[in-house]
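By written order: A, B, C and D. Residues from 1 in each chain.
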Amino acid sequence: MKLPNVGLFRLVLLLAAAMMVLAIACSSDDDDDGDGEPTEPAAETEAPSDGDDLSFIPEDTTGITDTEILIGSHMPLSESSAAIFGTQIVPGMQAYFAYINETEGGVNGRKIRLLVGDDHYLPSDTNTVVRKLVEQDGVFAIVSGLGTAQHTAVFEYLTENNIPDLFTATGATLFTDPITRTTFGYNPNYVQEGNAIGTYIAENFPEGTRVGLLIQNDDFGNDGKDGIESGLEGSGITITTTETYEAVNSDMTAQVQRLRNADVDVIAAYTLPLQSGSLINNARSTLDWDVPIIISGVSADPITILLAGDAGQAEGVITTAYLTPTSQTEHPGIQKHIEIMAEYGGGADATNLSVYGQSVAELTVKVFRDAGQDINRRNVIAAAEQVRDFLCSVCLGTINLSPTDHRSIETFSFAIAEGDSWVLFGDLVSYESTP
Amino acid sequence: MIGWVLLGLFLLFFPYLHTWPAASSFLDSVDNTTGLGIGGTFGVFQMTTLGVWLVILTGLNILTGYSGQISLGHGAFVAAGAYITAILLDQTATPLVVAILAAAIGTAAIGFAIGIPSLRLTGPYLAIATLAIIVSMPQFLKWDKVSEWTKGSTGIDLPSADVPTFLGLDRFMDDSQWLYYSVMVPAVIMTVLAWNLTRSRIGRAFIALRDSEIGAQQMGVNVSLYKTLAFAISALYAGVGGGLFAYTQDFVSPDSFGIFQSIEFLVVIVIGGLASTLGSVLAAIFFVYQDGVVLRLAELIGFPERLRWAFFGVGLILIMIVAPNGVAGLVQRLKTLRPATVLEMLRQARPSAMISRLRNHPLAERLGLGRRDEHDPGDEES
Amino acid sequence: MIRVLKFQDVYASYGSVLALQGVSLKVAEGEVVALLGANGAGKSSTLRTISGLLRPSKGIVEFEGRRIDRTAPERIVQMGISQVPEGRQTFTELTVIENLRLGAYTRRDGRAVKQDLERVYTYFPVLAERRRQQAGLLSGGEQQMLAIGRALMAKPRLLLLDEPSLGLAPILVREIFEIIGKISKEEGLAILVVEQDASLALGIASHGYVLETGTVALHDTADNLKKSDSVRRAYLE
Amino acid sequence: MEEFAQQVVTGVSIGSIYAIIALAIVLIYRSTSVVNFAQGEMAMFTTFITWSFLLRMDFWPAFLLTIVVAFFIGAALEIVVMRPVERAPHLNSIVVTLGLLAIFNSVALWRYGPLQKPFPDPDNWCIGDSCLEIFQGDAFTAGAVTISRLNVGILFVALMIMVALFLMFNYTKLGLAMRATALNPVASQLVGINVSRMLALGWGLAAAVGAVAGVMTASSLNLSIDMMAGILIFGFAGAVLGGLDSPGGAIIGGLSVGVFQVLAGNYIDSQIDLMAAFAIIFIVLVIRPTGLFGRRLVRRV
């Protein structure tokens, strides 16, 4: 290659400058007579919100062949500590689809194939992998996209293109409220769960109890806090202290110490297992403090109990659960899951997160089956909105969906740490709004 | 010369390539075999993001490659640019170009402000200090005091970019093509500007600085001024890149700029080639396309899924060993090849020569296979 | 006289640049030999080849009858060759005494090392005064003394000196060369000295070699070289 | 005042982990002048090795065995992957260590899976029946100030390593040679030091200290493939704050980072504890560009 002469460069620059001017002219024009309110989400203006009319969704069959239904998902599988989620949920989903493909020949004669894009838990990478799945691989739907910020990055794209966005793996409220017809949530949302925890405190502790919160400094923690506040409303019990932490931090020594200094009577925590373990361990072992502790269901994993210390420090800690824990080995659903993982799991272990993966896969299969032989994007959404009283093999409560309710799991139970596992107790708490 | 014209034409017509059936099926078949991702509308989007990263990486290369200052927190500048743009677009009726210009100026100012105290820091100390900036950035964005503008951990969701109806543009291009041009035009301009800058007096001063601060001083280069200038220029690039990032992604959040991403910026410019515009281009290509290609390669070899990141790691190490000056350095070396030298190389590549080269490897020497022993009378060496 | 060093028809290169093109020279026991030549003539490359830092592509290097052209640098030091490198290369962040101790790194005779340390201090009393100071704080001349002292601590039988006068004031240079001459006499040490300043080098040397573009252009006794017209013209004026 | 003391003690107990990681980083920097980004992942990996040993033997034998294994892994890495880039620009070795980071993380995921594993606290040190209770037992309490026994133990181990390193670097020939190698490899060769061997040794030692750090971290927090992801950054901050070539500085630096973080969380705003802590680090560095205890380059030209 020779060095280019200056003349050409001037030309390129001129051309570029011309484009630039054009760009300025366009964008200002766009703002002058555009929609006026730039903040208004485009989704709302496009999707007709009246009634059951799904006709705006084309009867698109991208990804459907005579023998196959091709679906995609975005999950963190590497380069992030969140890879812990992806690397367990994905095998659970894949194993169940493989099981259905093998034993039942798939759904209505079509085998389900799941492609997973590794987004490293970075929203911009989510954008890339989802576009690749949609535009290049031609998937029919996105299933169980994980992460709040990650999914937000593609939410609008999926909505505008009317691509079924099924059962997002996050408890954030923004995907299901307000309703976007093509998007369905899966996890119970953190506000509902927080409300249940708040109600539990209001019912079981005397008036004047001082509640201390420990929350992760993001939407997960903030939604939980909102929920707890709403549950406590009118009970005469208030949150007196709120401590936050960043997800990179797993040592809660300082936060627990400050809660102790604030002299709280009960601790409610929106923490991940690592931080929950550190919270319990520090309170019980270092500070010798037997304050009641209630943690979010996100930490309802045996590992939390192990991390809390081997001297039974977690004993009596309360959490919520919405799926049967793997520790209940006598449960038929769990037994079946362990069998499926052994046969189709490709060496991955059966864990609470692989149970989660299977439960999402079960719901997906149910919806595809209901959509019938002539499956397309419109009738899949219709089928999803008609799910009633569906009880997956590992679920605690039934799932109900409707045109006005896109929240899948809204029923959960309280659980208490006994020995090395969580034991369900009390009645099921349901926020189900679909009749 | 002809190469540049072809490249220009390619960039100009690329978004329409996939609408031409013959070219489209060619691009798709390339994708299918290599995992690249250049075909279809997805290919256009990939190329658009390439433009975004090109601006950012060109800026980082000015700082690290030319002036020799290592920044591990470059993502923080990108975030600053992205947030300035997003906030302006979200909360005011600022036109895009003005918002990006504001981002450029604002970020350059931040770069200058950080560059001045950083003057005293060198090498790993500077690297870790900049790492501190990217580590604390998410917490800043989520802080109560600023969350009114930054929308806290939820992030700012912008409406997706639509092709304007002005001049009937929407009859010629769809949204993805519009996005492509609105990114690629500034990206090309900024790359050319960087290329000119590095050949100017300023560029030479940067290089002198990198090679020896004392030497540069003796040449009459104002060391503090130029070091800070490098910071500011590179931050300006990051600001523009961040603005384009916000526009193309139509979403920014504190999670959008991870620590590892900032480190990866550095990795790709080293792999592309430091102190080279071609290196920055290669870095951007690597940054955008490596995921797909690595995945495909690992698939072909039959690598277990969980080991794919290791596959990438091995690749990094091999590239560093084979091409210590980055791929651009390798290209430079290949360019100087004359037929005679090629013949010579081929002649040298006889098996015996290869073996002796292998035996020269430190590992071989360690294992007692090295040629050092051939004449070494000191066999008693422990 | 016993031959300490034999350098026979040696070729060496840096990448594709040939540095030595068939150099042959000899150093005998207790003898000071000067290596003269212009910049880039191959003087430093010769020393680097002897020390093992540069591997010859062809030719033979022998030290006390043993081939060393494929021997690792650290092994060569152990065999009895020390180099005082160009630009001194002291460990600036370490103290004077740490530098000297490093000189004796290859030796295991602790008591003798202590005696040698005292002897270095007698040659260079200033080093004794500053033994606890960081080497980087010493003046250029003192650092040169430290570099020589460090080389002596290995108890070499052949000392290689690369441009000991570089960047030093004339008065210091003379002092250092006097000490070098003294050391050579007292220790019976063979010395190969590379020097730009030919008159200084020939002042203490018995023999001299003149290198030009990687080959030996001239070899004679020091006295003859001093008288030689071509040397005069090239290096003494 | 009591509250302040308590906050400082809490900071120290958090910082004890940072300190020990910082120590490993300093060690590798001091003996090879490379900043090793794979340090955390290497420590994580060797801790998994300890974990698999623990399935077969008691704590202390498993621990010692891991240190030996880690030493060889470190030395082997230097020889196989670092040596070819020894002469290349400095950034290349950083990229290679990042490659190692990816490899260790991925291999650990493949070999040990994504699940967190509970890791036992170290046993107390017993000779016969007499035990030195530094790892287990009741927390130390004085008034409202409490520090867990495990954190005391970790601090104790960090100090012991520091003293051992100090003695080795300053009073042994080997330590001197290692320092010399990092400072000036060519001159080191000329005084007869086998530079390659020193570099390999440096990596081996750093990996061994890293293994100790990993075991301590795992006992205090957990064992999982991402256990070092957050901590490494604080370790780096501690190492740099203390001065990259000073083992004592690493400990003070690591502890300071913990203390800054806790104090900032308590007295400024717990929502911005990291930001405040890193701002302090940045300011300290600007005032003292080679850290609190780093040796400044002295050179008279």
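Here are a few things to note about the model shown:
Going forward, a residue touches a chain if its C-beta (ideal position, glycine included) is under 8 Å from a C-beta of that chain, and two chains touch if they have at least 3 such contacts.
On a predicted model such as this, the values are computed, not experimentally measured, just so you know.
The chains in contact with chain A as well as with chain B are D.
Among the other chains, A has the CA centre that is most remote from the centre of chain C. Centroid to centroid, with C-alpha atoms defining each point, chain A and chain C lie 72 Å apart.
Look at where the CA atoms of chain B average out and do the same for chain D: the two points lie 31 Å apart. Rounded to whole angstrom, the centroid-to-centroid distance between chain C and chain D, based on C-alpha atoms, equals 42 Å. Computed centre separation for the pair chain A/chain D is 36 angstrom, with centres defined by C-alpha atoms.
Looking at chain B, one finds that residues 135, 139, 142, 306, 308-309 touch two or more other chains. Multi-chain contact residues of chain A, defined as those touching 2 or more other chains: 78-79, 87, 217, 246, 248.
In chain D, the positions touching at least two other chains are 102, 105-106, 109, 233, 271, 273-274. Every residue of chain A that touches chain B in the complex is listed here, in rising order: 1-2, 4-5, 8-9, 12-13, 16-17, 19-20, 22-31, 38-42, 77-80, 87, 118, 120-125, 127-128, 131-132, 134-136, 147-150, 152-153, 155-157, 160, 174, 217-219, 222, 246, 248. Those residues of chain D whose C-beta lies close enough to touch chain C in the complex are 173, 176-177, 179-180, 183-184, 186-195, 295, 297-300.
Across the complex, chain D is touched by residues 64, 70, 117-118, 120-125, 127-129, 131-133, 135-136, 139-140, 142-144, 214, 259, 263, 266-267, 270-271, 274, 304, 306-317, 320-321, 324-325, 361-363, 366 of chain B. Across the complex, chain D meets chain B through its residues 29, 35, 37, 79-81, 83-85, 88-92, 94-96, 98-103, 105-107, 109-110, 196, 233, 236-237, 239-240, 244, 269, 271-275, 277-279, 281-282, 285-286, 289-291, 301. Contact residues on chain A toward chain D in their complex (touch as defined above): 78-79, 81, 83-84, 87-88, 217, 243-244, 246, 248-251, 253-255, 257-258, 261, 273-274, 277-278, 282, 285-288, 303, 306-307, 310, 348-349, 351.
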